[in-house]
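The structures considered in this document are given below.
Same chain, two partners: chain A is paired with chain B first, then with chain C.
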Partner chain A sequence: MSLRSFKLEYRSWIVIWILSLLLLWEGIAWILHMWMPPQQAASRLPYLHDVLAALVRYSGTLAEQGAVTFGNAAIGFTGGALLGLMLALLMSAAVWLERTLSPYVISSQMIPIIGLAPIVYGIIHNAEWARIVMAAYVTFFPIVIHTLKGLKSTAPEHLELMRSCGASLPARYIKCLLPSALPGLFSGMKIAAPLAVTSSIVVELMGAPDGLGVLMVSSLYYGSAQAGMFWATIVLSIGIGLISYLVISLAERWLTPWQPEFRAKGGNVV
Partner chain B sequence: MSEGVVVNRKRDENGTAALPGSASLSGSAVAASVPGSEVQGQAEQGQLVGTARKKWLILRLLPWLAGICFLALWQLRLFHQLFSLESYQLPVPSAIAASIRDNAEMLFRYALYSGTEMLGGFLLGSLLGALAAAGASFFPTSGKAGIAVMSALNAVPIVALAPIMNNWFGDGIWSRIAVVAVITMAAMAVSLFKGLTSIQPQYGELLDGLAASRMQAFLKLRLPHAMPSLFAGLKINMSTSIIGAIVGEFFIASQGLGYLLSDQIRLANMPLAWACIVIAAALGIVLYEAVVLAEKRIIPWNRVRTNA
Partner chain C sequence: MSSMNVPEVCHIEVDHVSVVFGTGTKQVTALSDVTFQIHSNEFVSLLGPSGCGKSTLLRLIADLLQPTSGSVRIAGSEPERARLQRQFGIVFQTPALFDWRTVRHNVELPLEILGTSKKECRRISSELLEMVGLTRFADHYPWQLSGGMQQRVSIARALSLDPPLLLMDEPFSALDEFTKEKLQLELLDIKRSTGKTFLFVTHSIPEAVFLSDRIIVLSAHPGQVHSIHSVTLPTDRTNDLRETEDFYRMLTTIRNCFYEERDPGHVPALI
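Presenting the complex of A and B:
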């Protein structure tokens, strides 16, 4: 293993992993094509380069529809995140509110919220708003739960110190409670971002006029002839989910640099 | 006094699984709250001063009152008037309850089917994720990179996975198990890897100083340290697995709650569609509480329960 002796860096390992996964895809596709008639194989797992070619060929349509899906999901995500943050702050300030709502908020994550998407679309007969509302709804609960958890994880000694110094309520929030809630907020956002994209696509599957979900369904109907297109929509939806996840991770890295996993030495036993 | 209140609050959070669903579910919610009531909590309750006890009682009752109010307003069609909706768009709770009663047998059968998919995928995915995390924890750099790449699976919209798995595994139960397994795998790997590696440096140094082997460090330090993360991962997975199963059934399925849900929406039979959601929620909550209970039994030393 000549690679090992160079003591590779974290980043290069990520590249190696991704490359080997892509190679694995191409390899499995090749084996499938050896075994099966090409059309059947293409619907199972087309060649990676075929998918990429389809991505390039239909890039105009894909970008257009992807922008619709992503835009709606992003608007809903922002709204849901703001509302969730506000509710979490209110809940941390008023015990009775927290006691009233927390059982519902906690049990709400066991409810397949996405199952509501068709129902919401049935109620709001506007595809745009249905997507925004669903994305916001899906975002709301993880944000509330994780932010509240972050707010509660504030070290009691810190709060006691602030109180003994006569710090006002806003000062306590800005200097102590909010910073300790930020990691929670970010982990909530990281959970919610792909869910927001998913919920937006589910609404589209249920009969919205445009968006990635519509492309997905229509290319699925044409079967193996449109396999490239189908896989291109899937790759794009994965890409959208990944990009939103990465953006949030970068913001997390930037805004909460004190978290243990970002420290130069995270305490790895070597 | 504050001691007792804190204990009771903790207990309540885990025990009471009040539902924003239909009134007919309150039975199961009561059942879910029973395992939470521990002897210790009651002993402390006796020590409470009268006023504090009254306050605690009010706080304890608040969620139930709020839930009953919400259902009552819904039943009295306040939401219908607010958003100018018709009953066929948003059925009232009594209609949903009636629909559950009428279709109890079918709903039960489908709930079993969906529950099998959920549990199968949940166990398979969590096991694979745990194995990946355990393996990766032995290779600090490359393992961390591998988990980071794997966490990309977290960002994959479930709807994109469902048709792929249908292509691969046919329209049987295995395609949904595969969907659930794939989404749960990543969350478990990330959560457990975090637990296995975020260890106070001094503990690691101590074991290094004692010339512990890597396997010993894993078994004696990392694994016990990671148990809370393991359960946090299990809890996240329990709630995502129900979404995975339901969304997986939206596409191609001949039975299951998600199939019934999308079918009834197409037929505009909203009460039964809502009944599916209520049953799925009940299923999710029961299984989630089972994980919480297991956590309490297996790692009683974990004071701060992680509400995933």
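Presenting the complex of A and C:
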């Protein structure tokens, strides 16, 4: 009974939190509109209902372009995640491999995305693939770092147990190291998923034929007249980022139910 | 021993073993010239204060560590060979169970690695879970069990390949007194029913006396064999034994090892 009331409370907190955010937005926009001409105010923060109206009015276009961005980000994310996982496994296999690879892995992240995107675009000359490559590029790093940490935090007794059972290298990875590293892999993916979406939007801003980034740039061209549309693309990209995060969180709960935060509450069996 | 007796088979031979960690000024001698034998079907405890190298000694036998000098033989072969032939099972201080596996699948892990058929795995794990009294919890996850139950699972897992030798590294030291006494009795039952050899690392004098046929007392800094004691108590031991005169006398004998007058010339200091 206490569990149920806690859940309700938690849910109502989310509702309260969202409602107050919406009210705050509408309130600030209202104050801005009191002090400035409507064009100027709208370019700073348009009314929430204007943004929602734009979301509804352009829902067809937004869904279409959002799907393009999300699709490219998802493909890039998958590729980047696989690459990150491979690299982490490789780096966990031997110290010399880790020492050789980690300077490259780390310095790869020193290049700003905004500088790298035109380079990648210049090399590939394909808007589709440039977005996929960039999404993969930002994805692999957090995944390497978190998965490697997960692999290394395997309990020493577990490894000794595998050794005493005479386990082969594949058996050690499949039965012991990989399951131990799964929570790390998932926290890496949770960080990377929204990054993959924003990085493909950045590539689109640089000039792609389609995608949310293109909608953003074009609505900025028309200035305050399209402020509602511009904000609608922002809201949509937040939505896409949130959904990717949620999907991965659900997958984590499903695939690693043994993690302490997912265990059924209510005490142990004694 | 009379010549009529079957000669005791030597199961573990530790021969002039030394272990040195580190190099140069940071060198630490963990074990210095340790020699002893353990016979088949014997229950032997390695007893000593922390830092005496008793766990190091167990790790040498388990092939988790190489000696700096000297040799270890298990049933006549190198520890590595013995390990690859699954000649021993290990129980650690922590249960070291996999949280993503059910109790049954934890017990079956060594069998799975060996490539035993699913059916056979299931038969063996059922048998072992019944032996440790956890049949009802076969499909639970380790984190749903109490510490004592988890350690029982760990013992069942160590027995799953039916090894002739069981290495136990302070397996009960993290448990409460009641659970500990219960598990000690269960362990003696397992010894009686399986006839395996046990090497048991502990820092508890009563535990060593209650369980063992022989006790090897180790002294610290560097780790050396201080003395070896045969425990002259009946073999069918129950909780009543803990209250007997003989038990107390044995405790005193062992305890005195740790409080002898220190004579730098002869007896190595224990603590």
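Here, the second predicted complex is superposed on the first by the 243 of 270 C-alpha atoms of A that agree within 3 Å, B and C clash if a C-alpha of one lies under 4 Å from a C-alpha of the other, contacts with A are read in each partner's own complex, and residues count from 1 in each chain.
Here is the rule we use: contacts are C-beta pairs under 8 Å (C-beta built on N, C-alpha and C of every residue); 3 or more make two chains touch, one makes a residue touch a chain.
Bear in mind that the values here come from a model prediction, so they are computed numbers and not experimental data.
Colleague: I'd like to know which partner A:Ala171 touches here: chain B for first, chain C for second, both or neither.
Modeller: Second partner only.
Colleague: Hey, is it chain B or chain C that touches more of chain A?
Modeller: Touched residues of chain A are more numerous for B.
Colleague: I'd like to know which partner A:Leu242 touches here: chain B for first, chain C for second, both or neither.
Modeller: first
Colleague: For A:Trp17 in the superposed arrangement: first (chain B), second (chain C), both or neither?
Modeller: A:Trp17: touches chain B, not chain C.
Colleague: Identify the partner contact of A:Thr198: answer first if only chain B is touched, second if only chain C is, both if each is, neither if none is.
Modeller: first
Colleague: For A:Arg99, select first, second, both or neither according to whether it touches chain B, chain C, the two together, or no partner.
Modeller: After superposition on chain A, A:Arg99 lies in contact with chain B alone.
Colleague: What part of chain A is shared between its chain B contacts and its chain C contacts?
Modeller: Of chain A, residues 260, 268-270 contact chain B in one complex and chain C in the other.
Colleague: Across the complex, what residues on chain A touch chain B?
Modeller: Chain A reaches chain B through residues 8-11, 13-14, 16-18, 21, 43-44, 95-96, 99-104, 106-116, 118-119, 122-123, 145, 149, 153, 190-191, 193-194, 197-198, 201-202, 205-206, 213, 216, 220, 230, 233-234, 237-238, 240-242, 244-245, 260-261, 265-270.
Colleague: List the residues on chain C that touch chain A in their complex, please.
Modeller: On the chain C side, the touching residues are 62-64, 83-84, 86, 88-90, 92, 94, 96, 98-100, 109-110, 112-114, 137, 140-141, 143-146, 161.
Colleague: Once bound in the complex, which stretches of chain A touch chain C?
Modeller: 155, 157-158, 160-168, 171, 175-176, 179, 256, 258, 260, 263, 268-270
Colleague: Considering the complex alone, what residue numbers of chain B touch chain A?
Modeller: Residues of chain B touching chain A: 9, 12-13, 16-21, 59-60, 62-63, 65-67, 83, 85, 89-90, 140-142, 144-146, 148-149, 152, 154-160, 163-164, 167-168, 194, 197-201, 203-204, 207-208, 214, 217, 221-222, 236, 238-239, 242-243, 246-247, 250, 258, 261-262, 265, 268, 270, 273-274, 276-277, 280-281, 284-285, 287-288, 304, 306-308.
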